[in-house]
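Shared between the two complexes below is subunit A, which pairs with subunit B and subunit C, respectively.
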Partner chain A sequence: MTELIKVTHVSKQFGGICALNDVSLTVYKGEILGLIGPNGAGKTTLFNILTGFYTATSGELSLNDVSMRGLLAHQVLQRGIARTFQNIRLFANMSVLENVMVGRHSRTHTGVVGAVLRHRRARVEEVAIRTRAHELLHLVGISRHSQTLAKNLSYGDQRRLEIARALASDPQVLALDEPAAGMNPAERDTLKQLIRDLRDALGLTLLVIEHDVPWMMSLCDRIAVLDFGEKIAEDTPANIRTNPRVISAYLGDGA
Partner chain B sequence: MTARKQAWFTFVALAIGLALLPLLVEAGLGRSWVRILDLTLLYIMLAVGLNIVVGYAGLLDLGYIAFYAVGAYCYALLASPQFGLHLPFWVLLPTGALLAGVFGLLLGAPTLRLRGDYLAIVTLGFGEIIRIFLNNLNTPINITNGPQGVNLIDPIRIAGFSLGKTQHLFGVTFSSPQLYYYFFLVLTLIAIFVALRLQDSRIGRAWAAIREDELAAQASGINLRNTKLLAFAMGATFGGLAGGLFAGFQGFISPESFNLMESIMILCMIVLGGMGNIPGVILGAILLTVLPEALRYVGDLQRAWIGHVVVDPADLRMLLFGFALILMMLFRPAGLLPSRRHLNELRHD
Partner chain C sequence: MDILVQQLINGLVLGSVYALVALGYTMVYGILELINFAHGEVTMFGAMVALAVISALLGAGVDLPGVVIALLGLLTAIPACMLLGYGIERLAYRPLRHAPRLAPLITAIGVSIVLQNIAMLIWGRQYISFPPILPQGYHTLLGARITDVQILILVASLVLMVALTLLVQRTQLGRAMRATAQSPQLAGLMGVDANRVISLTFIIGSGIAAVAGVLVSAYYGLAHYYMGFLLGLKAFSAAVLGGVGNLAGAMLGGLLLGVIESLGAGYIGDITGGFLGSNYQDVFAFFVLIIVLIVRPSGLLGKPSHDRA
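Take a look at the complex of A and B:
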């Protein structure tokens, strides 16, 4: 297995609070890696560091053995890590199609001159953006809503749209922050299938944060467990289930 | 095909209407109204430019008139007896627009992290700083001639053809304001064209995205810094161009033409017409330039009917203006011709 992302001894402090303490993690190409842990364990903080929204206080990050330290969010996306947000962040007053078209920004080049003159290259690119956006909407299964405003979509479809927008940047890695939050069991099952399909169809590597442990156990190839900013386990779902440190983190020391 | 024919018919009718407008207005209402038409075109250009910053990218700019001032002073200082320079207009206008664009970057750079009311205050300060500089740069070296302003600015001259005096063309006599009208009309149409094209492009979508949600825009690969600076610079360029035209048209400029009230008026044009929507912005600019001028007749009417002026038209102007804004807020909060996007934003369903 090829190592894709390497997180080495990463710590993050907010003032006096240590949100992440010396976390090391390896993500292999093509796997679905789950990130679980109680509330406030530092899962989202790790996501934010990986995607350039926070800078690590110390430690090293690399993608394909190239350091990612100090990159800004849009630069991280350019390198190939796309993300979704825990509390859905769409461009609410833009159409579903436009949302995905914006997601294509990093892979396109038309500037002011091209936009105004609409020369051949700009027109070809615009058509390509639109075509790709339609394809992705079809892939996540919301193509019939392409002209709807993003904010008028149902909750589950908004999550799907966020995934489509992230995919528009042709990422190598897709990081999903609580993608199943607020979904009913049936929707969760479809989402699980979608995530697997995306990996198989696009050769993606997936990072998933989710609280629903049984759901994660059946989805992920491997699971890393965070607790109070420290990584306490990184293993296959079967081994995680029996890991005593994980059990005590979730159920307390008396268990 | 009929829809296309209809579009052509509208286009031709509009073109003929716009071409005949200054001739009819001069014949019917007098030359001063042609000058008002010219100013209206300049305000349309300004409103379209500010709309890029405020309407497209959602960056509230209360100091926009500063770019108008930069363009105007750039033209005035390089084409007047002030320094004895008399450069041609095709150097002056691009230089003014470019310089204003640079000032746009200068304003944009320190305010990248600011949004909403914080940004509004900083831009307001910026606008005032430029005006106060222009007011005071007459000592120790006299650059701007201070509060007296710059006088005897060269009229715009295209290949020896001056727009500043009456000309005879094709057997028709055109007054100077009429000539300026046609020149401004061409440039205004170009400005509108550029703004429309930008709106419906990769760049326009990026602006809309940062207006909607900066974090999500970054996560979608948009370089926040460059995209915001581009909006500031583009808007400022439009302002600088209009400023240059204003200086050539008026022949005289002084710092008091570029006060905060002007910035607010241009912002009001956008808000009244419909933020983010070009036809709305144009309508707003026309209404807020033409209606105050029309109010001048109220003074004459009062004199004719009552014998003396009871309500000063200037006071009435502000009163009606405030009243109009309140009515707008109540009944059409997204503007007279709102953009689809902004209208949706105000609906909370």
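Take a look at the complex of A and C:
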């Protein structure tokens, strides 16, 4: 398997608090890697470092053997890592379709003059963006809502829209921060299938944070477990289930 | 009856100029939540630059049709104002991007005063007249007069408003502007360069203001270093009336304000039995502003501000 992302000895400190302590992690191309751990374990911090929201206090990050340290969020997106957010962040007053179209901004080339004069290349690009946005909405299953304002979508569909918008940037890696939050069991099953379909249809690599451990066990190829800012395990779901350190992290040492 | 029609025509013409200027206020507010009080002065500069070019051409005895000369003036004024708008944002507002909101607001008033004084130094304190180079004919419509210049103003304003709407609704740049208006941070994550979008917003708004400035000076036949002050305040009232931050609102607010002002000026004498005359015309814009702020602060088409994403 090809190593896609390498996180080596990454630490992150906020003042005196150590949110991540010497975490190393490898993400292989085409896998679905889960990230679990109790609240405050540092899962979202790691996501934020990977996607350029935070800069690691120390350590190294690379994508395809190219260092990503110090890149800003939109530069990381340009390199091919897109993400969704734990607390949904959409352009609430724009249509569903337009949200996805804005998501493609990092891959477009039309400048100001082109936008104003609407020369041929700009029009061709605009049509291509629109077509791609429709395809992605179809892929995540909300194409019937394309003209709805994002704020009027149901919670589950807003999460799907975030995925479509992230996909619009043609990422190699899609990082999903609690994609199943607020979904009922039936929606969770559909989402699980969608994530697998994305991997198979688009050849994506997926990073997923989620609290629902059984759901993660059945979705992910491998799972990394964080606890108090440290990685305590990185293994297949079957081995994670029986790992004593993981069990004690979740249930306490008395278990 | 024909007085009513006449005042409606006058009001729509005046209102379409207000609408053009109001668009500049509302575009900037939509993205930065800043009332750019210097915008009226940008409009004034548009008129002044155009008049300077026109009188230079006429003075040099250039043998061109009047309309072409006026057009040359306009085509110089537009890039000049775009540059001015860009410069104002770059020098005065960008350094204060993360300052408390009162700082850029006060700076805007300062920029406005500076620009007035620069204009006064360049062009003097006297009224500058717009030479009669545009067609001076008129047509009769339902018993009222509409002049060629009025038709020109209506058509030019309409074209600009449609073009701006298309730009904002149908192009990548427009989407980037709307996305930045809703959430600069999130738009930045999508690869939208907020500084670029903000610069372009000022540039586009200032270009439109240049046209408005030339149109209004052609309409009144005058330009003056102080003309941007009242025009700017009225356009600001129009933007508030329509719902500041809302493009359609600025257009509607501008037209409505023009009509209200014109009807008010036409009938105030009758209503007050001659006690107040049409020189009280300017009162109406601010009367409307006060009423809107009391009754519906979010404006006609605006949404309550907590609704902003």
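Rule of thumb we're sticking to: the second predicted complex is superposed on the first by the 255 of 255 C-alpha atoms of A that agree within 3 Å, B and C clash if a C-alpha of one lies under 4 Å from a C-alpha of the other, contacts with A are read in each partner's own complex, and residues count from 1 in each chain.
The rule is short, and it goes like this: a residue touches a chain if its C-beta (ideal position, glycine included) is under 8 Å from a C-beta of that chain, and two chains touch if they have at least 3 such contacts.
Quantities reported herein were computed from a predicted structural model and do not represent experimental measurements.
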Fit-or-clash call for subunit B and subunit C when the two complexes are aligned on subunit A: clash
Between subunit B and subunit C, more extensive residue contact with subunit A: B
Subunit B versus subunit C as contact partner of A:172, first or second or both or neither: neither
Touched partner set for A:158, first subunit B, second subunit C, both or neither: neither
First (subunit B), second (subunit C), both or neither touched by A:103: both
Contacts of A:44 with subunit B and subunit C, given as first, second, both or neither: neither
Touched partner set for A:149, first subunit B, second subunit C, both or neither: first
Common interface positions of subunit A, toward subunit B and toward subunit C: 73-74, 77-78, 89-94, 98, 101-103, 105-108, 110, 112, 115-116, 118, 122, 125-126, 129, 151, 165, 169
Complex contact set, residues of subunit A against subunit B: 51-53, 72-74, 77-78, 82-83, 85, 89-94, 98, 101-103, 105-108, 110-112, 114-116, 118, 122, 125-126, 129, 149, 151, 165-166, 168-169
Parts of subunit A lying in touch with subunit C, wherever the complex brings them together: 73-74, 77-78, 89-94, 98, 101-103, 105-108, 110, 112, 115-116, 118, 122, 125-126, 129, 151, 165, 169
In the complex, subunit B residues that touch subunit A: 193-194, 197-198, 201-206, 208-209, 212-213, 215-224, 230, 234, 341-342, 344-345
Interface residues, subunit C side, partner subunit A - complex: 167, 170-176, 178-179, 182-183, 186-192, 200, 309
